[in-house]
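What follows is a set of structures for review.
There are two complexes below, and they share chain A, which is joined by chain B in the first and by chain C in the second.
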Partner chain A sequence: MSGFSVTEPSRRQKWIAGVLVITYALVTIMPLLWIIATGFKSPEDAISYPPKVVFQPSLEGYVNLFSSRTRITESMQETLQPAETWYDQVARDSGTVIVGASRYGQRFLNSVVIGFGSTFLAIVFGTTAAYAFSRFKVPLKDDLLFFILSTRMMPPIAVAIPIFLMFRQLGLNDTKLGMILLYTAVNLSLSVWLLKGFIDEIPFEYEEAALIDGYTRFQAFYKVVLPQAATGIASTAIFCLIFAWNEYAFAVLLTSGNAQTAPPFIPTIIGVGGQDWPAVAAGATIFLIPVMIFTILLRKHLLRGITFGAVRK
Partner chain B sequence: MAQIIIKNLRKDFGDFTAVKASSFTIEDGEFFMLLGPSGCGKTTTLRMIAGLELPTAGEIYIDGEEVSQKRASERDIAFVFQMFALYPHLNVRQNISYPLKSQGMPKAQIKAKVAEVAQILGIEDILNKPVGGLSGGDRQRVALGRAIVREPKAFMMDEPLGALDAEFREHMSEELRALHDRMGATTVYVTHDQLEAMQMGDKIVVMNHGSVEQFGVPQEIYDWPATLFVADFIGSPPMNFLDFQGEVAKGDTTVSLNGHTFEVPKQLQEASGDLVFGIRPEHITLNTISRYKGEVLATEYLGTTQIVTLRCANGMLKARISAHDDIHVGDQVGLVFNARTVTLFDKKSGAALLSDANKGVLDHG
Partner chain C sequence: MSASPIDRAAQATPKGLARRIRGLSDRAIAWLFVGPSIVLLLAVNIFPLIWTINLSFTNFKANRLREAKFIGLRNYERILTDTDTWNSMQATAHFLFWTIFFQVLIGFTLAYLINKKFKGNDMWTTIIVLPMMLSPAVVGNFWTFLYQPQIGLFNYVIEFFTGVDSSSFSMIGDVNLAPWSIVIVDTWMWTPFVMLICLAGLRSIPDSIYEAAECDRASKWRQFWTLTIPMALPFLMLAVLFRGIENFKMFDLVVQLTGGGPGSLTTLTSIDLKREAFEKWRTGYASAYAVILFVTVFGLASIYVKALNKVKER
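This part shows the complex of A and B:
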């Protein structure tokens, strides 16, 4: 082969592209690596300057994250039985004893329930609404669609006070149900619009074929349309979950104990006995895991979803 | 298998009338063509028969049962779509078994049925493939398989060859016709291709602007068109039209064009004013002695025949003559029309004037 090719990048182009991609990856991954590393540092290493790249790994951050402890003097420590578990030992090495579990586990669970619950509802309502908008003659269709979109035209937090008052009136303050409904409502406009686009791309003929083949309208919807919209549903679900998972402002405002999610809880860890950066970093690291797993599982669909409809098939 | 009767079928989309009071009968086992230009209402008619559109008015009888307001799934018909509409998330076997699954047929029986259909269509080797990678012809066969596996009362086909390459169309149209002859199922087939319609159809309905223009066997429609539209739409090149002013009385056997007298079949209808003298290209012969002259403008060589374009006193003409005749652009030639084949039309209404020759055809339509 000689000369140049239209479709194959040249060696130089590949090299430049590689450098750009790696630079970008470093820029985006660095904070993440920093947080993960900090989670495994001792509190002294975490705040040392210049920052330590090589350090003695410690699980103190994780132990502190999941436990509540009390500080004891050295003389008191000598009177105690030897530590029974490895995490007891970690705590004692830093001059504390574990007196119980922290509330992180429960907050984390709240995040899972509220995040996945609201995503599920946003997808169920979003798919059915999008199907209706796509296939049926809905009176004032365009106005309704614009209205749905208009809920996105200001930051949701701008209406925080009315929502707060409404929630108080309805007894939804600091309840998981309240947070699920709120996040569903915020995500619904996104899911209706995204999914309508995907469903519009599915030719109506498939449903007609199913109707002729002896299926009802609803069977045609879930047996023929839903499988073909799977890509769109998966990518929409990722966007919805990421929003609900990371949402901070409403969670601070509307939850305090029972339904508090992880984002408002993590910063509070810092206050117990000095600045416990490793525990905060450990909390943030664990918090990242579910949404990462979810995204990786649906990644194939996400990539297809983003380019969906770009080329007429 | 079933007879299908369409009575005064009408479909409005808002202010637009897609189909106006159409009536025709499709006999049991017929290969029936709905032919017309795009937007003529042929597809809407087919979709109403299938139950994909509900008619605004009129009746549809399938096998004696009035079904016009019934669901598609209750009509026991199969539909082959132009773009095939194979379920993309299912493989070939699943696509073909889909209609049987909705009937709740046992798995073993479905399997046997699918195997039988696959054998008829010669697609046994692709049964387990996804439909995405199939060629146009194979997709077409799978779509047919999905239609015939149910043994429905009738097949509806909406331009099923429209998405295929030209060379493959020919082959598939033969295959389709052979399949029809083998199964003997009533088939309603929509096409805008008049050649396809004449080639494959037992009977043709020609539609235009939502109305049925003519209904009959291909040869009758070709020889004795009921309207100017049909005469122009069917045949390639279409019928020639020579405009003239004049009068036709009952019993006339001649008409006068520009002072020349031409014989025509015995007329059974009176008419006057703007009339049209219609003659098929193959019924024109060229000679040197006729006094009605034309000037040769172009010739197209087609192997065994050639198409000669001429200008004469009453307009342009195309004649189909032997390729061996020595004709050159610029020649002045005499024109002779085969009197037995002439159709006269009323220009304003577009309708053919009734004569001894076309009476048999036009009376029953």
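This part shows the complex of A and C:
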């Protein structure tokens, strides 16, 4: 190598590209940082002009998020016992007392149950279906695969109309089971397509060797293919989980109290005179951080996941 | 889809070997493995679709006990002659065109710059990607806070750079600005998607092609337009397909941001459909609407995929 390549960008080019991309990244990340910061602001700081970048951190948003409170007058406050816990104290400082837990915890738990439940089923059904599509001659294979994909093209609201009627008939409206089944079906298209790609990449020779050694088909699938597809299965699972976690349209139409997930709930957190922004931001922060972490873990498979396996690096 | 090497290998498995395999036959396993997925999709997708088509010919209202009456094509006729429908179609078209325009422009530029392989480009790429992975409803709701006159960060930044008083305009309340407020947030959220696909496209171009062009003394400008763009085009078109379908379905982000307002300026078809189905409870009418939307997106997508395949073959 002479150290000179026509395709390698010059140092100046790299420098300019770097500055522009980093500027974009800093601008685009601002709204997210603002959500996190607003969660730690007092209500007064949150709506100050000009917007405050430096502020006295406060946990009022988080306390408001998890509790329901009632406003008390100063004279009443004097008659109360001193606050027992730090969160009681935070509430007292803003002139309220905590009277119970809010519904956020339960909504968050619903998101966890529905998210993990539907992901688990989508992966079990998806892995087996993808294996069959990858290894066997399935009649009408291409049509079936396209049919599975086409289910993702329908607007969720259009799908929700008959689902709503069907669930009402079966008593599945506003139940976690109903939501798990629905999200499983929606995620199946993603998991089948992605996993078929991952399994296609595993050489058939391994299974062949196992079959010759006297394994049954099922054992070969279970003991040879599954371990090799583990990374693919894990990243597919995270994509399914993120979809179920973020889903809003079905959740807002088909659930109300019992099975409601966090996305329809967070925008409804209100305080005195409109939305309680520090509490909303606190709720959003807790809800968004897991996905941010997953995104960082997934970065190598990101492209594949978001294009249903159409683009592989 | 052509047969992969694995399919061929599977077919080439000697008969004797297959016979020696104990347990279930391959055919039985294949059906056992595909069966549950097909059943679930039939129950949650196909059956409801057929039901929707059925309902679309009736005057059924889901909140009434009254028996549904067959009314033929009346629903379709009403929808296609309703000005509200066309207004929402127009709002959707505006939204689709401008979001795709900005996302392709910014996304491709970013991918081009990242492909210069400056130090730390991986880390910055991951940061840029973050917004698109987050819940559109939750993030969209928070953007209404950023868009608030005076106290909103967005308005303040505008004031800081342009001097326009931050309390003098409301992105989501103003008739002229509202259609752009949803374009801005969608572009913020989904530009990384286009960027990632473009980046894969740019990275798929072999260096040797540029080296050959350099030998032919083609200018950088010429190389960009005659090599880079045509070779990245199938990827760009794929990104546009995905964004087109996704934004045609758009509901969560916009409903949280503007709720379809002011008036019905940002009432995209999904929002219009939701009102008909779940607020006015005109189930039959909404079913016909859903069928029309589905046929539209399916038809447009099929035409587009044909064009995409032509470009790929070149």
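Things to note:
To be clear about the criterion, the second predicted complex is superposed on the first by the 265 of 313 C-alpha atoms of A that agree within 3 Å, B and C clash if a C-alpha of one lies under 4 Å from a C-alpha of the other, contacts with A are read in each partner's own complex, and residues count from 1 in each chain.
Following the convention adopted for this analysis, contacts are C-beta pairs under 8 Å (C-beta built on N, C-alpha and C of every residue); 3 or more make two chains touch, one makes a residue touch a chain.
Not measured: the values here are computed from a predicted model.
When both complexes are overlaid on chain A, the residue A:P156 reaches chain C alone and has no touch with chain B.
Touch criterion met: A:Y248 reaches chain C, while chain B stays clear of it. When the two complexes are overlaid on their common chain A, residue A:A279 makes contact with neither chain B nor chain C.
In the superposition on chain A, A:P267 makes contact with chain C only, while chain B stays out of contact range.
Touch criterion not met for A:L172: it reaches neither chain B nor chain C. Once chain A of one complex is fitted onto chain A of the other, the partner contacts of A:Y206 are limited to chain B, with no touch recorded for chain C.
Touch criterion met: A:T216 reaches chain B and chain C at once.
In the superposed model, more residues of chain A are touched by C than by the other of chain B and chain C.
Look at A:Q228: by the touch rule set out above, it reaches chain B but stays clear of chain C. Counting contacts by the rule stated earlier, residues 203, 205, 208, 211-212, 214, 216, 219 of chain A appear in both its interface with chain B and its interface with chain C. Put simply, chain C touches chain A in their complex at residues 1, 4-7, 9-11, 13, 17, 20-24, 26-27, 29-34, 36-38, 40-41, 43-45, 47-49, 51-52, 55, 62, 106, 110, 113-114, 116-122, 124-139, 141-143, 145-146, 150-153, 156, 166, 188, 191-193, 196-197, 199-200, 203, 207, 210-211, 214, 235, 238, 242, 245, 248-249, 251-252, 256, 269-270, 273-274, 277-278, 283, 286-287, 289-291, 293-294, 297-298, 301.
The part of chain B that touches chain A in the complex is made up of residues 50-52, 71-73, 77-79, 81, 83, 85, 87-89, 98-99, 102-103, 146, 150. Of all residues in chain A, only 5-7, 9, 13-15, 17-18, 20-22, 24-25, 28-32, 34-35, 38, 47-51, 125-126, 128-129, 131-138, 142, 144-145, 147-148, 150-151, 153-166, 168, 181-182, 184-186, 188, 192, 200, 203-205, 208, 211-212, 214, 216-219, 221, 242, 245-246, 248-249, 252-253, 262-264, 266-267, 275, 277, 280-281, 284, 287-288, 291-292, 294-296, 299, 302-303, 306-307, 310-311, 313 touch chain C in the complex they form. Within the complex formed with chain B, the residues of chain A that make contact are 203, 205-206, 208-216, 219, 224, 227-228.
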